[in-house]
Amino acid sequence: MIPSLDLLLALAFGNLGLMLLAGRNPTAGLLSMILYALQGWVLVMLMPALAEGAASGLAFQVFGWSLSWELNGLGWFFAIITVGAAFFSAWFAAGAWGVQGTRSPWAFHVTLAANVAAMLLLLASRDLLTLFIGWELVTWAGYAMMIQSGGPATRAAYKYLIYGVAGGLAVLAAVVLIQVQAGGLGFAAVAAWMPGISTGMLWALMLLLGVGFGIKMAFLPFHRWQAEAYGESPGPAAAFLGAISSRMGLFGLLILLVHFIGLARLDELLLPLIGLDARILWMWLSALTIIIPTFIALKQNDARMLLAWHGIGQGGYMLLGVLVGSELGVAGGLLHVFNYATYQAVLFLVMGAVVYRTGTAHLDRLGGLITRMPLSYVAMLFAIIGLAGLPPMNGFVSKWMVYKALLDEGLPLLFVAAVIGTLGTILSVFKLIHNVFLGQLRVEHEQIREVPFSMWGPMIALSLIVFITGYMPGLALDLVMVAQTSLGFAALDYHLGGFVTDTGNLNMLAVVSVLLLGMGIGAGIFLLGGNKSKRVHQLDNYAGGHFLTTEVRYHYSHHFYAGLLRLIGPWYITLIKRLEGGIAALTDTLAAGSDGLYRTAYTPILMLAATVLGLALVL
Amino acid sequence: MNPEILIALPLLAAFLLPAARRIDASVGIWWGPLVVLANLVIAAMAWWKVQLIGPQSIALGGFAAPLGIELRADHLGLSAAVLLNLAVLLLWPRETPDKARVSTILLVLTGAGCGLAMSADLFNLYVFFELVAVATYGLAAANGKGEALIASLRYLILGALGSALALLGIALVYAKTGTLNLTELGGMSEALSGPAGIGALVLMVVGFGVKAELFPLNNWVPEVYAHTESRVSALMAGIISKLGILVLLRLIAEVFGGSPGLEFLLWVGVLGVVTGELAAYGAKDMRRVLAYSSIGQMGLVAVALALGGETGFIAALILMLNHLLVKPALFLIADAWPGSLKALAGKGRARPLGAVLFVLLALSLIGVPPLPGFWGKYLLLDAIFTNVTEGAGLLVGLILAATVVEAAYFFRIAARLFGSGEAAEESKIPGLPAVAALFVIAFLALSVQTGRVGDYLKEVVHGLQPQELRMAQSDFPDPAASVNGKGERL
Amino acid sequence: MNELLSIGNLLYGGAAGLIVIGLFAVVARRHLIRVLLGVAVIEAGVNLMLVAAGFRPGAAAPIFDPQAISGPMVDPIPQALVLTAIVIGVAVLALGLTLAIRIHRQYGTLDTVALTRIVNAPAGSPESRAMMQRGGGGHES
Amino acid sequence: MRQFASLLFLFGFAFFLSVLVGGLPFGAAPMQVGQAIVEQNIEATGAANAVTGVLLAFRGMDTLGELTILFVAATAAGMVVERRKHGVSRDSVAGFILLAGAELMFPFLLILGAYVILHGHLTPGGGFQGGAILAAAFFVPFLANPGRAFQGHAMAFVEAFAGATFILLGIFSIFREGDFMAPMFLGTGEFGQLVSAGSLPLLYLALGLKVGAELGSLVAEIAAAPGSDDPLIEEPQAAKDL
């Protein structure tokens, strides 16, 4: 087998076919894991060929357009994450979860395979037409993945679909417009054509494509669909979707903003009245995307919804970093894609495990699970430290790079905005781990056990990646640099432990070593210096002079952060919510009107009117 | 084999059927399908002949073109004839009380449809169009239910009024030019560029648009489709509506290319898309949803036709082809489900194959790549951006917004199909109807071979206009040039 | 005055008048028989217009007479077309009337509003059943 | 409101119609094709009546189409209508004079119809006109006595035979002339004679019979529909308040 793009696509689509046929078989999960691993291997082997682009032999001729595919560095970077996320999700679903935990493991395996295949096709596109085809396939594959658990997920997926179709059609309009105006659709041809176009045209294209790609990425103000859609999906599906699905939007935005338009041109594009340039506009949108959803996440009482809202916010860092444009910023933004995928997958998998055991993800109905599911607890601990962006986990590295880049480039306000987002993150992940794993164990959960290896295995493996790439970010930066150079930016000067820039450097090897040393000393003192604590049952205790009973909750979880939330106020969300409702109501009214029009008793009048108005129009 | 036989054979068989039925009653059952099958073979042979030796012009009765009636045995006409025969054969109604009479009507419909597809004479087109129309009035009433009769009568009134207006348009053209032959009319664009010519085009669009389900001449569509047998609905939505478009296609390609009157067709199409999709969103039962969606799709075709040019015509053809395969299959698949959308819950779990195919076909209507509907929409947008100088954004916006609505109602249905419901008890529902399976197979073949079909459609369009393709927004070409072009024609 | 009353104005004006009168019946009447008759009137107007299109002043009918001196003849084509169009109109009208009779028999009305309500009512709804009963059990026989 | 709108649109239509018609060259018909037909008709078809030449020879396909429309309309009407048993009509039987007159007119109408059909290629008249007279010959007695049986069986055979003849003559000409519906394979004959103008008289005969039979059966279908107690023409109350 010679590693090539063809082989990769063949593996991906072969997996899809296999799952369609054999998805009900108990070994299906294992089979698909092997196939994802093989795809990963092919991707790694493809790495040297990326400089010239790994072309595919697959080609179609339709209506005079030739469709063909070619993988470049940017796509490769996203593809690695995709296949990796799929591997761990499939692992999670391969064992107990897949056999008993879901309505149909077949649906999960098939939709996962379909998503991976569609994403690879998208990431390997080399012109706008194949990009659009891949784009639509990703949208529909994502929809299929979301509806599989039925119930409220169906409604969420429906909402996603409406947004997705609208976004897809905006992209389509832009693609056709470009094809007609530029005469070609190849990325290179379009990039060469772009500098010559008028400002109005550029705004139109940026709006259409930006809306289309932005919807997938749940960019403000198109963020309303995502949390529900991901949150309601079953555990491993949510992990996969949360880890990588939305990043397809980022992929599109990067091609649009960096490859096609170019950051320099963005600087020249001034908004009419305010005088803000387009790049700053995008950066502020990114910053708002970080802040607002993060604080909405604070309000959530369902763990999966909380995570999903965070997923939206984290996307903002990635685009913000890339738009800074310096080597450090771009590397930070892209590294965040990788890092985020790892810990978000862990978080959704852990919640999937919790739901598997307890049947709920509601934060008011959980607590104290640390004693029952310690491995899950450790995995979540690693992941939330990553999500919060604290050392020694990998989230810290990428966020640090983005902060530093913002400061270096003289954008302190955006830096403050990004830090506010991080504060919100810390608050809400504390709420998460506190309400799920710490505090009082509920009586009904006293008998539950840790999930089987097939489920904690991928969680722990991924959380180790979270830690290792935090300890040695150079490992992940190897991958990032492939994408960064492919985008046309200079490579960052990095090493295994961190990076070196003119204004300072970071060496995580040292940071983490010091941290671990400190923790080791602390642990040593604690353990050696006489750990005299005695383990008792949680109700074998008293509070306020009373013995505790099962009815009494001493674990504070209701209305977490109520005061803070009163301060923030919900005005920003209701505005867009009302807009959404208004559009729906308008559609309903127009639909009723049209239906009535076709039920009229006086059909000949319509014909006469059409004739007369038509004659008036053309004569 | 002479392509005229395509018209003569079914009509002859239709004339003989009532008498033959009196000799042996069983004739009424097998006679019709057998003749259509024979006709299909002849059509295929004629189609193949065109592939080999190129388009032919037939002077009926041996009277050369402007004097007599001209038939075109070209790619478009014979492809349509093959598809028509095939569709009639596959969608032969089963549940009608009066089989012999329905056979007669279908035979007439087949012959007239073939004539309509090939005729290149304005008045002859009108005659065949009326013939098809009267046959469909009969088909619409075929099941004898009261509602079907009402729907048929309302359809008849609209159709008759439209035909009268179309005839008025033809009268205007004739009074202005003194000829009815399309080839010759194509060379007289000077005479037709005045108000009489433009008005005639509008009147003919109104008249022929009744059958082509154009807005607002299509009020009959939901009524008729809701009350006829699903096969008849499938037949009418699938192929007969396309015959109306075919007439308009020939008229525009050969005579009225670039006429300002096309703007009317454009807006009629856009409003059809918008109102059709919206009404489908508001509809509460499956038949109506499919009927309204048909209106929307035909609106798209009308927009593509109005834009004209090679891209526009190919877009119209591929959209028609897509709809031709998809809509009958949808009607047939949905036939096994309860009519009301509310009662659909969980039916998809009982019949997963049908439901999955339903979704797949709906995806093509919405225009999801790489299904054929996507290429139609893509080419349509291409034509809009190429040909429309002002207001292209508005047009595209309206069409795409309607598409979002389309996706919304189709996936509301899909979600309901796969949602929870008392599915388990109904696992005895029969599987995919065989005929629907055939349509689905043809659809999949089209999806896989879109590239080749696209090449063929290009040839079809070129066969339609041997002289230089006229772009929609350009002025009329000067008469001398088109006379030269005419000389080389066929 | 002569200008105004020329044969052309009479024919074309008459044709247009017939079309408009017929259209009035079609769009402003609720009774379907009247609507059908309106369509027939429109067709008459259109046919008149078609025949008028072949008119030539002073020309003879297009029938050759070996004895007569051959002068200009009017256009024979519209006459043939009109013959065809008349028959088509008759056929459609007859079918429409048959449908109307049958509908009237079943529902007892030809009012377009009432019929629209029946045809648009969801199957099995009280409305459609009520209308059926009003028409009497005639159609079972 | 609706009335107002329809009047408004009617005025609009009338206005545009006058604009359209006003642009037509009245009295100076272009006769692009018509002139050629007038000149070539005798040579090409041998029919004195140029209209017949156009109808049956130059535009024979239109004629085939129209008689098929009659046929299919009759068929559809027959499908729609619910049959009534013979002789149970509620319509009253006409008086003696009408009954006898109808019987008496029958042979005259028959002969007149045959004459008009057979001389269609020479004089004004032809298959349609003659066919209508033929149909009248049959349904005048029927109208006078609605209860009497209609010769459905014979009618069906006449219909089938006449229609088939029209097409078969067309197909036959393929073998003689190479073209479908070429009417001249019998030779143009001597101008002005009854037996001349190729197969046109034959075609007209078939056409006449077919039209007669179809019209007859259409009337029969309508008559066969059970009558209603309510008068048919009855404007709804709401519309009367215009």
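Should a chain be cited, it is by its letter among A, B, C and D, assigned in written order, with residues numbered from 1 in that chain.
In this section, contacts are C-beta pairs under 8 Å (C-beta built on N, C-alpha and C of every residue); 3 or more make two chains touch, one makes a residue touch a chain.
Predicted model, so just to flag it, every value in this text is computed and none were measured.
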- Taking all protein C-alpha atoms shown, work out their mean, then name the chain whose own C-alpha mean is nearest to it. B
- Note on the structure: Quick note, more Cb pairs in contact for A-D or B-D? It is B-D
- List the centre-to-centre spacing of chain A and chain D in whole Å, with centres computed as mean CA coordinates. 74
- When centres are defined as mean Cα positions, the distance from chain B to chain D in whole Å is 30
- dist(centroid_CA(chain A), centroid_CA(chain C)) in Å evaluates to 66
- Item | Averaged-CA centre spacing for the pair chain D and chain C, given as whole angstrom | 15
- Mind pulling the chain A residues that touch 2 or more other chains? 599-600, 602, 604-605, 608-609, 611, 615, 619
- Note on the structure: So chain B residues touching two or more other chains come to 123, 127, 130, 134, 137-138, 141, 149, 152, 154, 157, 161, 175, 178, 180, 195, 199
- Provide the list of chain D residues touching at least two other chains, using ranges where the numbers run on. 2, 6, 9-10, 13, 16, 19-21, 24, 29, 31, 33-34, 37, 59, 62, 65-66, 69, 72-73, 76, 80
- Across the complex, what residues on chain B touch chain C? 123, 127, 130, 133-134, 137-138, 141, 146-147, 149-154, 156-157, 159-161, 163-164, 167-168, 170-171, 174-175, 178, 180, 223, 227, 284-285, 339-340
- Item | chain B contact footprint on chain A (complex, rising order) | 60-64, 132-133, 136-137, 140, 143, 147, 150-151, 154-155, 157-158, 161-162, 165-166, 169-170, 172-173, 176-177, 179-181, 204, 587-588, 590-595, 597-600, 603-604, 606-607, 609-611, 614-615, 617-619
- Note on the structure: Listed in rising order, the residues of chain A that touch chain C in the complex are 599-602, 604-605, 608
- Message: Using the touch definition from the top, list the residues of chain C that touch chain A in their complex.
- Response: 23, 26-27, 30, 35, 112-113, 115-117, 120
- Per the touch rule, the chain B residues reaching chain A in their complex are 154, 157-158, 161-162, 165, 195, 198-199, 202-203, 205-206, 210, 215-222, 260-261, 263-264, 267-268, 274-276, 278-279, 281-283, 292, 295, 314, 363, 366, 368-370, 374-375, 377-379, 381-382, 385-386, 393, 396-397, 400, 403-405, 407-408, 411-412, 415, 418-420, 450-451, 454, 458
